[in-house]
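Dropping the structures in below, format is structure tokens.
After this come two complexes, each holding chain A, first together with chain B and then together with chain C.
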Partner chain A sequence: MDILQICIVIVVLLLLVKPVGSYVYHVFSNEENRTDKIFGPVEKLLYQIIGLKNRSSMSWKKYALSMIATNIILVAVSYLVLRLMGGLPVNPNQTGNMEASLSFNTVISFMTNTNLQHYSGESGMSYFGQMIVITMMMFTSAASGLVIAIAFIRGVTRRGGGLGNFFEDFVKAHTRLFLPLALIVTLVLVGLQVPQTLDPNVTVNTLGGAVQHIAMGPVASLESIKHLGTNGGGFFGVNSAHPFENPRPLTNVIEILSMWTISASLPYTFGRFAKNRKQGWIIFSAMMVLFLAFLSLTYFSEKSGNPLIHDLGINSTQGSMEGKEVRFGVAQSALFTTVTTAATTGSVNNMHDTLTPLGGLAPLAEMMLNVVFGGKGVGFVNMIMYAILGVFICGLMVGRTPEFLGRKIESREMKLIAIAILAHPLIILAPTAISFMTHLGTDALSNPMYHGLSQSLYEFTSSAANNGSGFEGLGDNTVFWNVSTGLVMLLGRYVSIIALLGVAGSLSRKQPVPETIGTFHTDTKLFGGILVGTVLLIGALTFLPVLVLGPIAEYLTLR
Partner chain B sequence: MMDFLMVITLAGVFGVFLLFLMWCGHVVDGGGENQ
Partner chain C sequence: MKTTAKFEEVTHGSIWMTALRSSLLFIVICGIAYPLASTGLAQLFFPHQANGSMVKDASGRIVGSELIGQTFTDPSFFQGRISSIDNDGAGSGSNNYAPSNPELLNRVKESIAQWEKENPEVPVSKLPVDLITNSGSGLDPHITPASADVQIPRISALRHIPEEQLKELVKEHTEGRDLGVFGEKRVNVLQLNLALQALGNNK
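Moving on to the complex of A and B:
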């Protein structure tokens, strides 16, 4: 029954990939299509409001600058709102202003699509903050990531003509994709009893005679975009484990598919742009192979349970249920965990800190690789980065200038790709090491053994991958953790985006190389295998030592 | 004071990103390559 549940969700995803991938292609191909009649008038009005008269295509530098400038303005406005929240309207629960370092962490977290929450939504955020800062940034950060992927795809599949117009793409991502989908998912969730209200918290007298305040609010509207935009976090501190966010197995499946579908469809969109759908399916297959490997590791580790508990004579036939919701069980918890860290969403429906050692290793490894479907747009771009690295390595082995999609890969592209690949482990491993050199870091750990290392490692890995989930035994709402993870989130987001847009800009200028008998084709199963091998090889070389010190050592102590 | 530190930190990091973008532009234009 467990395996059947998982298989049904994967089959539904496979059925959605082609239509959603085609729709995304039509939205951004700038060719006339049927949706123009529906969304065109609204977009024209928005272009007039923002003063966008010239929608000409931009160079990669102008595209990157436009994205960064837009993000800076959103960060500034959001920081002000959080610092002044106590005096702003729509605050029936009288929530106070957010502290400065926590505001710093929160605005970075939501602008970088990480949604790491060092605050608890029930007590630390007013309804105004939830709607104007949190929900707004969930739309804009998702749109920012998606349009970067689209610009990158244009760069590697077209010749000349720039990467498109950032502002036009940004508006279209909202009007044609995220807003309509969020509206539909919100209404479905409301129909399945997820609250959507501006009423204050409900105060009740319990059977034991105590007074309890039950948190409410505009939950469904946040819940929909937090998954559609692979944002993560949640209205409540425990995210989708809370019965108001995720009341039943059906909502769990809807939330899994919401965060997975667009990310999984981008390889097909890429195939449409490249006029080679087989190329798209090869990229998708490589991602799915990695995903299924990590899902198997999580599911079977959790299903096996903790041998020490079993030795105590306690019935553990259900598997390791610590930190899990009974209404979801091991299968739907393992699937949610694997998808939320693959698509780097980061919302949780079970507590990752209580996963078994190998069950916790899988989400950690997915974020370290950062290519298993990946966050909105950026995960796909990272996978193409590894594809280019793969053809480069193959070119070195046969003594031939490497080519990708008919363009020569030269030193300038490899310099930028090397920076993007090496930045990720650097901003994970260095801060993790620093956190153990000061009591500011070690004071936050709730476990003195190997799991303590995993807690710190997970926090920085989640920040660097712009995921946002955590091993929440870590006491992370301190200035040290707020600032350090804030900086890691920024570096994890923008360094790779700038470098890879540079690669796209460089490739778009190049003359296509005529295909010969010696051309290495990248739309074959052989290349799919090379791609998976390249990802695993780089990942193992950079992260295996620290994984041995953390979850693997913890696993061995249980045997 | 804390607000000032946070804003300065944010401005500094985004400043570094702009410098990095300029350096990437230099690389894409062929800067630093052996002729």
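Moving on to the complex of A and C:
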């Protein structure tokens, strides 16, 4: 039954990839299509409101500047709201203002689509903050990330003409994708018992004779965009493990598909733009192969349970249930964990800190590679970066100038790609090392020995990959952790985005090279294999040593 | 880079102005209009679910939410999962014990000792894992049917209700997998105990 329910979810995803990928293509190809009738008039009005007179195409620099400018303004407004929210309206539970370093961390976390949370929603965020900062940024950061991927795709598939107009794309991402989808998913979730109310928390006298306070609020409207936008920050501290955020296995499946589908459809969208759907499927397959490997690792590791508990004479057939919910069991938990770290969502329906060593290694490794589907576009763009690297390595081996989609790959592109590839491990490994040199870092660790190392490593990996899940035992609401992870999130988001838009801008200005008998085709299974190999090789060379010190050492001591 | 005439229409100043206006626009749409519209529709169509799926006892008193676990210290009730926050619904969370953490092992040993004391007739090897582990949320409202079954001998003895009758009760309150395939079979502890209380007892 476990394997069957996992397979059903994957099959549903496979069925959704083509229609959703085509829809995204139609939204952003800017060719006329049927949906214009519905959305066109609304968008015209919105363009007028923001003062967008001509929707002319932008160079990569202008496109990047527009995105960064919008993000800076949103960050500034949100920071003010968090610092002042105690005195602002819609605060029935009288939540106070947020402290400065925590506000810094929180606004960056949500703007970068990370959603690392060093606060607890129940006590640290007013309903106003949940709506106007958290829910709002879940839309705008997802839209920012998605349109970057679209601009990148335009750059590598079109010749000349810039990357498109950022503001037009940004508006369309909201009107044609996120807002309508979020409204539908919200209502479905409420129907399945996720609360949506502005009334204050409830206090009851329980059956057992105790007094119980129950936190509530506008949960469903946040829950839907949290997954659709691969954001991942929970309304409550324990995120989608909370019975109000995720009350049943069916809501769990809906949340998994919500976060997975758009990300997984982007390779198909890419195939449409490149007028080579096979190319899209090859990239999708490479991602899926990696995904299935990590899913298997987590599932079988969790299913085999914790050997120390079994040694006490406890029946082990149920698997490891520490930190998991009964309604999800091992299958729905393992699937959620693998998808949330693949799609860099970062919501959790079980506590990743309590995962068995190898079960915890899989999400960690997915975030280190950061190419398995990926959140709102960024993972996809990273995968294309590895594809270009793969082409480059193959080109070196046979002594030809490498080409990708008919463009020559030259030193300018390779330099930018090298920056993007090297930045990721640097901002994970260096801060992790620093955190072990000071008691400011080591004091936060709640688990002993090798697992302690994993806690710090996971926190920075999650920040750099803009994922946002955590090994949550870590006592991370201190100035040290708020500032360090805040900076890592900023670098993790914007360095690679700028470098990759640079690559796209440079490729879009190249003359296409005619295909010859010696052209290395990138839409073949062979290339799919090379792509997976390149990703694993670079990933293993970079991260294996630290993984041996953390989860692998813990695994060996537990057996 | 060479900019074509088309690019030059977009100046840096106009980018910042448009960025400001679109930021404010989407703060209003996504941060205010969308959650309020969602709340209005949710309250209109699904008032029970939208307000936390509260549960009443036989006398009509609200005793909690169907979705939020409660602590039952009285051994004559079915007991739920371990919660390091004592099922305090104002918060959520667990101790986040790693599998290698010695504290985890100590807590499990304590649970086993308590189990042996309260349930002398059921051996530890029959004890399902979910009953001696902390849920992720600290608010898990469910246990597995097996975890309810192993508590029957104890409750039967304390309440003088035949085991067969309790087995029926657990069966009635066992929820299947969603759509017959997703998730796990489970028993809602609060609702099971409400039904148990309604049976009355002979103690």
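Structural remarks
Simple rule for what comes next: the second predicted complex is superposed on the first by the 555 of 559 C-alpha atoms of A that agree within 3 Å, B and C clash if a C-alpha of one lies under 4 Å from a C-alpha of the other, contacts with A are read in each partner's own complex, and residues count from 1 in each chain.
One rule holds for everything that comes next: a residue touches a chain if its C-beta (ideal position, glycine included) is under 8 Å from a C-beta of that chain, and two chains touch if they have at least 3 such contacts.
For clarity, every value in this text was computed on a predicted model and none was experimentally measured.
Between chain B and chain C, the partner in contact with more residues of chain A is C.
Using the contact criterion defined above for the overlaid structures, shared-chain residue A:398 touches neither chain B nor chain C, since it reaches no partner. In the superposition on chain A, A:483 contacts chain B only, with no contact to chain C. Once the two complexes are overlaid on the shared chain, A:103 sits against chain B while remaining clear of chain C. In the overlay built on the shared chain, the residue A:65 is in contact with chain B and with chain C. Looking at the shared chain after the overlay, A:505 reaches both chain B and chain C. By the touch criterion defined above, A:3 lies against neither chain B nor chain C after alignment on the C-alpha atoms of chain A. Of the two partner chains placed by the overlay, only chain C lies in contact with A:351; chain B stays clear of it. Put simply, chain A uses residues 61, 65, 72, 505 to touch chain B in one complex and chain C in the other. Chain B meets chain A in the complex at residues 2-3, 5-7, 9-10, 13-14, 17-18, 20-21, 24-25, 27-28, 30, 33.
Note for the complex: chain C touches chain A at residues 1, 3, 6-7, 9-10, 12, 15-23, 25-27, 29-32, 34-35, 37-39, 41-43, 45-46, 49-54, 57, 61-74, 77, 81, 87-102, 104-105, 108-109, 112, 124-130, 132-144, 177-179, 181-184, 186, 190, 193-194, 197. Remark: chain A residues 60-61, 64-65, 68, 72, 75, 79, 83, 99-101, 103-104, 108, 411-412, 415-416, 483, 487, 490-491, 494-495, 498-499, 502, 505-506 touch chain B in the complex.
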